[in-house]
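Next come two complexes built around subunit A: one with subunit B, the other with subunit C.
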Partner chain A sequence: MDAILIQILNGVDKGAAYALIALGLTLVFGTLGIVNFAHGALFMLGAFCSVTFNKLLTLSVKVKDEGVTLFEAFKEEPYLKIWFGDTGLAIIDYSVPLSILMAIPVMILVGYVMERGLIQHFYKRAHADQILVTFGLAIVLQEIVKATFGANPIPQPPPEIVAGSANVGLWLGLGESVVYPWWRLIYLVFSGAVIFAVFAFLQFTTYGMVVRAGMRDRETVGLLGINIEKRFTIVFALAAVVAGVAGVMYTPILPPDFHMGMDFLVLSFVVVVVGGMGSLGGAVAAGFLLGIVQSFASMNEVKEIFPGIDQIIIYLVAVAILLVRPRGLLGRTGVMED
Partner chain B sequence: MTDFTKFDRRQVLKFGAAGAATLGAAPLIFSKNAWAETFRNDPGSKKSVTLGFNVPQTGAYADEGADELRAYKLAVKHLNGEGDGGMLNTFTPSTLKGNGILGKKVEFTTGDTQTKSDAARASAKRMIEKDGALMITGGSSSGVAVAVQGLCQESGIIFMAGLTHSNDTTGKDKRRYGFRHFFNAYMSGAALGPVLKKEYGTERRAYHLTADYTWGWTQEESMRKFTEEMGWETVAAVKTPVGAGDFSQYITPVLNSGADVLILNHYGKDMINSLTQAVQFGLRDKQVNGKNFEIVVPLFSRLMAQGAGDNIKGILGSTNWNWSLQDEGSKAFVKSFGAEYGNPPSMAAHTCYVQTLLYANACEQAGTFYPPEVIKSLEGFKFDGMGNGPTEYRAEDHQCFKDVLVVRGKQEPSSQFDLLEVVEVTPRAQVEYDAKIFGGELGPYKV
Partner chain C sequence: MKKINVNDTTLFLSFAAVILLMPIWLSPFGAAYPDLLQKFAIYGIFAIGFNILFGLTGYLSFGHAAFLGVGSYAAVWSFKLFTMNVLPAVAFGIFFAGLLALAIGFLSLRRSGIYFSILTLAFAQMSYNLAYSVLTPITNGETGLQLTSNDPRWIDAMYKTPEAGLPSTELFGLTMNGYPGFYFCAVILIICFYISLRIFRSPFGLTLRGIKTNQKRMKYTGFNTRPYMLAAFVISGMYAGLAGSLLAITDPLAGAERMQWTASGEVVLMTILGGVGTLVGPMLGAGLIKYFENIFSSFNSGTLHEVFSFLPDGLEVVVVKVTGLFVGSGWHLTLGLLFMIVVIFLPGGIVEGVQKLARLFRPKTDDDPQAPAPQKQAAE
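Let's turn to the complex of A and B:
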């Protein structure tokens, strides 16, 4: 029972990450009709916003290690600590959540520049062209990050107060054997909040209503005198922000490196396809479904019966769902069928 | 028309002496160049010789590859008599003079392995066939080393492996043309075993998470052998996909498995991620079977340890070499490298630098670049002054045998490079084994 509960938690947590990335991906596809292979790179850029913010907070005085004479070795003393003592250290400790404040404007700008500077020129081109150009863009972005920050992962610890594990078992009356990292629980809640906010924005605001109308019938909305292109640019920026903040908050779980976007990209595409191209609800549902299925397939008991199943289960489930529902879980007729 | 009847006695003697000298010298002339026509990329009368440095320049191990390349460039500099000479000053017995190799200036070409076997073979092939590389060296993965080593054997080109830790490289996949200075998984197990016994006792239950490829398998096999021999029980050994990223689904079963030690047979990014996540799941704060839960990382690298941050503090592992060693060879190398690049070399850089010098010295000793003779010169070669004490290139499997370091993540680092403390220098005798246990065939000298 404990093992099952923990794997459900793992699956939901993993699914939350998939859903967050897939949400932006499917939003861009649903509005702009663009298959954006650079979306994983936006996730990675968000993560490196966190790294940059941490580096800014930890700008330091270098204290030379006198014991080493053969090269420059030093210990760093952050200015924030020198100037503000424990308060300065507390600010550094909270660098990951605080870096969201930096990530949001940066990702809006990146999304806007990407859409206006490149993507808009490919709206009327074949999907193959869009895939090629966005994939190329993703490679350029990751090489820039590699050249700037190196190829090795960079540790981004969570705040000290949530660095350990929560006793989830005690909360549920199951004893002390079920523990789960605080930060992963926070990520879960954060994902839920972001997903809710995106849905609320699209569902309950006039702006969102116009965007949804544009997703259904772009021409008619245009005939009503609404500049739908401009709104879609903002939607692209919104998708970039969603991917970016997802990347920021994921850094304590997975120390970021230049390739982390590509690692998630393929899975996110599977999630979008299984959920139904352009379907926001489908992406979220498929994200959680595939996350949970993957976690259960990784259990030792399952792997003893089906060795290696954990590495292919997502694709098996995708094939099964697409055989039964060719448009995905919540896919609409006519999308990607021309 | 020549009138032969007019030759006098003096002329006959002259021609006779010249003829005899020519005939007598002919075998020497032919034997001097006997290998010239039979081996690939013979530099012949050229004034330079080209070495091929095949390192990961892109992909997850690009930083380690960059450090390897820095070491190779430094080795070339020292071989050509530039700089302070580094380990050329401490390496014994050495015939290196700082005038290149056999009087020819050393030049190099580079390739990008991408840490992928097929890409590594393609770049090695290009360096051999197009750039005329006489020797290939480098790499940061056992999969790559085994693949490139096979290609080099087929091509008749010597391969001086870079960072490769799988037992297979000099075990079942060993090749006559392949040589490894780096230690291996068996040696890690042999060195770590007694330290683990001393630190954690003999009644422990271990859970292994293992990278699912050649290195991971042999690392797990070796750790199980040495821990089980001292009384530890293996609760489970789970294979994890390389590059899994999120290891939570593999770590959570450890929590209630009854294990009190987690052995992470992971390297590089996988090690960073699995260790970070294992610590987040509270494993290091746990008490199981009345003991503190412990995590062991059998293969530690300083470059990779940086990525794990504070999570490596107190974690035991093994390493081939560390810049903090105080022997003359290590100090000379760290001094040269530090002056050139401003930071200490990694263990990958060290092994690559040493491999280049060893190859050059073997050519000097053999008096030729002809690979079979160079191979014979390396086989059984005993040397010192290269950083790990007296070392031997064992002839039976081309594995170097030397002291191994057991290290621990440092609790209070004094600088950004001071991440590992040496717990024990395990003597070479303790990590030696019979070459036959891993099988494999070296293959022929002539290909």
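Let's turn to the complex of A and C:
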């Protein structure tokens, strides 16, 4: 029982990241009809927003170290500490969650520029062309990040107060053995909130209703005199923001490096396919499902029976789904079924 | 789509001549050393094979690197277990890649379009992950598969006394490195080109083009398109396996990174850069990419300072800094940009670009203003 709970918990935080990326991917596919191979790069850009923000906060100046009296010593002191004292230090401590504030406008900008500058010229071209051009863009973004931040992962600490682990087992009356890092719990809650916000936006606002109508039948919505392209551009920016904040919050779990986007992209595509192209609920469900499946497959007991299963289980599931039920778990009939 | 009034023999002979004379005409470009020439030939084979699938049928596979990797592994195992002779290695490489392609193709070809791309990508990633983890006894994981001095080499052991040190690959006594290695690859490349030419001109090739244009209609006219697609997929997988085994022949080492999906992306780029669905395009693209990769990645800030030393000092520093992003380890940035530029502005690749230019400079005739210049048609 404990073991199962631990595996589920381990699975859901990865699953949450898959779900957030896949949500944006499928949103873009459902609205713009674009297969965006650069979406993983947006996730990575978000993560590096957090790195940049942290660097900005910890901009330091050399000051004389008062603690050393024997000779003149210097130490690095962040400006924030000099200006605000302990409040400044607290701000630095919370740099990861605070960097969301920076990530949102940056990702909106990136998404907008990307859609207007590049993607909109590819609406009418073949899917193969879309895949290729966004694949090129992903390489470019990735290399720019590599040139700026170097090739090594840059660890980002979570705030001090949530650095430890939560004793989840005790809460559920299962004993002391089930512990789970606080930050992963936070990530889970956060991703749930983001997913809820996206769904609420699409479901309960007039704007979202028009977007959904456009996903169903773009032409008719256009004939009604609604500028659907403009709304879709905003949807693209929204997808970029979702991927970006997913990346920001993921940095304490996985130190960001330049190829993290590519690593997540392939899996997220698999998630989208399993969930059904263009199906939002499918993407979320499949994200969590595959995260958990992967986590179970990496249990030692399972690995003893099927060695290496943890490496390929996601792909196996995807292949099985594509061959048996090509529209995916929750995909609509007739959408990209052949 | 394409008129078959071109003199194919001329095309084939000039292709062979150009390839075989590469050591001579490439020397002014600083590219005429065997290692690089071997790469041209090998990746040319890879791209030509990929083009048989993507160019003719329009199915974009993102998993061809898996076949390349399997070809390499099979060849190195042949060196380890049987003999250092290259012919069995090539045979094994082609055979196992073909086998894998048959399995992957059988499943993937049930879907088309983007699903096909993702399926092949999934299979390739699966092979890559397996090569890194469970299959370590076969692939030697991260270190890569290498020759060792205590390999059995049963066939060689029968009639040869083992020498000290690692043996090198050979073709009946001819060592396969340097120029002999290149000429071996070049001859195979020319054979591969010939096969591809025959496929392009055959009813089989025509069927594949029909599938690209309108698969549904092909089915309505009574064609069972599946076997044709599978045949194209397996042939192109075998080309990739052949290229992989040649990589192992020129440098007996196989690593899993050859199977990574960025490697699959590279062959797509080569094909697109040269011209999808054309005969010489893929070779052209492969050569250009490998050439620029070689030139660009050898640059460092020192050579850049030399190149731009004519500029005033302040400007020079800036220019060196900016260009420094694109060369050396930043070569992938250039590759990505190139990828985007080609897809955006020149979807038909260099061959189309040349045809467009030729049309521009040719006086218009009344009967067929759209026809490209005859001498360029030869290079389609």
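Keep this in mind: the second predicted complex is superposed on the first by the 322 of 338 C-alpha atoms of A that agree within 3 Å, B and C clash if a C-alpha of one lies under 4 Å from a C-alpha of the other, contacts with A are read in each partner's own complex, and residues count from 1 in each chain.
The definition used in the following text is that a contact is a pair of C-beta atoms (placed from the backbone, for glycine too) under 8 Å apart; a residue touches a chain by one contact, two chains touch by 3 or more.
Just so it is clear, the model here is predicted, and its values are computed rather than measured.
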Requested in this report: Look at A:Leu322 in the shared chain and tell me whether it touches subunit B only, subunit C only, both, or neither; answer first, second, both or neither.
Outcome: second
Query - Partner with the higher number of touched subunit A residues, subunit C or subunit B - result: B
Query - First, second, both or neither for A:Gln311, with subunit B first and subunit C second - result: both
Report task. Check whether A:Leu45 is in contact with subunit B, with subunit C, with both or with neither, and answer first, second, both or neither. Result -> neither
**Report entry** Which of subunit B and subunit C A:Met299 touches, first, second, both or neither
**Finding:** first
Requested in this report: Could you tell me if A:Glu76 is touching subunit B, subunit C, both of them or neither one (first, second, both, neither)?
Outcome: first
Query raised in the report: Given the touch rule stated above, what does A:Ala163 touch, subunit B (first), subunit C (second), both, or neither?
Result: first
Report task. Tell me which partner A:His121 touches in the superposition: subunit B (first), subunit C (second), both or neither. Result -> second
Query raised in the report: A:Phe269 contacts which: subunit B (first), subunit C (second), both, neither?
Result: second
Report summary line: After superposition on chain A, the subunit A residues reached by both subunit B and subunit C are 311
Query raised in the report: For subunit A, which residues count as touching subunit C in their complex?
Result: 35, 118, 121, 125, 127-129, 131-133, 135-140, 142-144, 147, 262, 266, 269-270, 273, 277, 307-308, 311-312, 315-316, 318-319, 322-323, 326, 336, 338
Query - Touching residues on subunit C, where the partner in the complex is subunit A - result: 58, 60, 62, 107, 110-115, 117-119, 121-123, 125-126, 129-130, 132-135, 261-262, 265, 268-269, 272, 325, 330, 332-333, 335-340, 343-344, 347
Query raised in the report: For the complex, which residues does subunit A have touching subunit B?
Result: 2-3, 6-7, 10-11, 13-14, 17, 65, 67-68, 70-76, 146, 150-155, 157-158, 163-165, 177, 179-181, 183-184, 252-255, 257, 259-260, 263-264, 294-295, 298-300, 303, 310-311
**Report entry** subunit B residues within the subunit A interface of the complex
**Finding:** 59-63, 236, 238, 241, 243, 245-246, 248-250, 252-253, 255-256, 269, 272-273, 276-277, 280-282, 285, 303-304, 306-311, 331, 334-335, 337-339, 341-344, 413-418
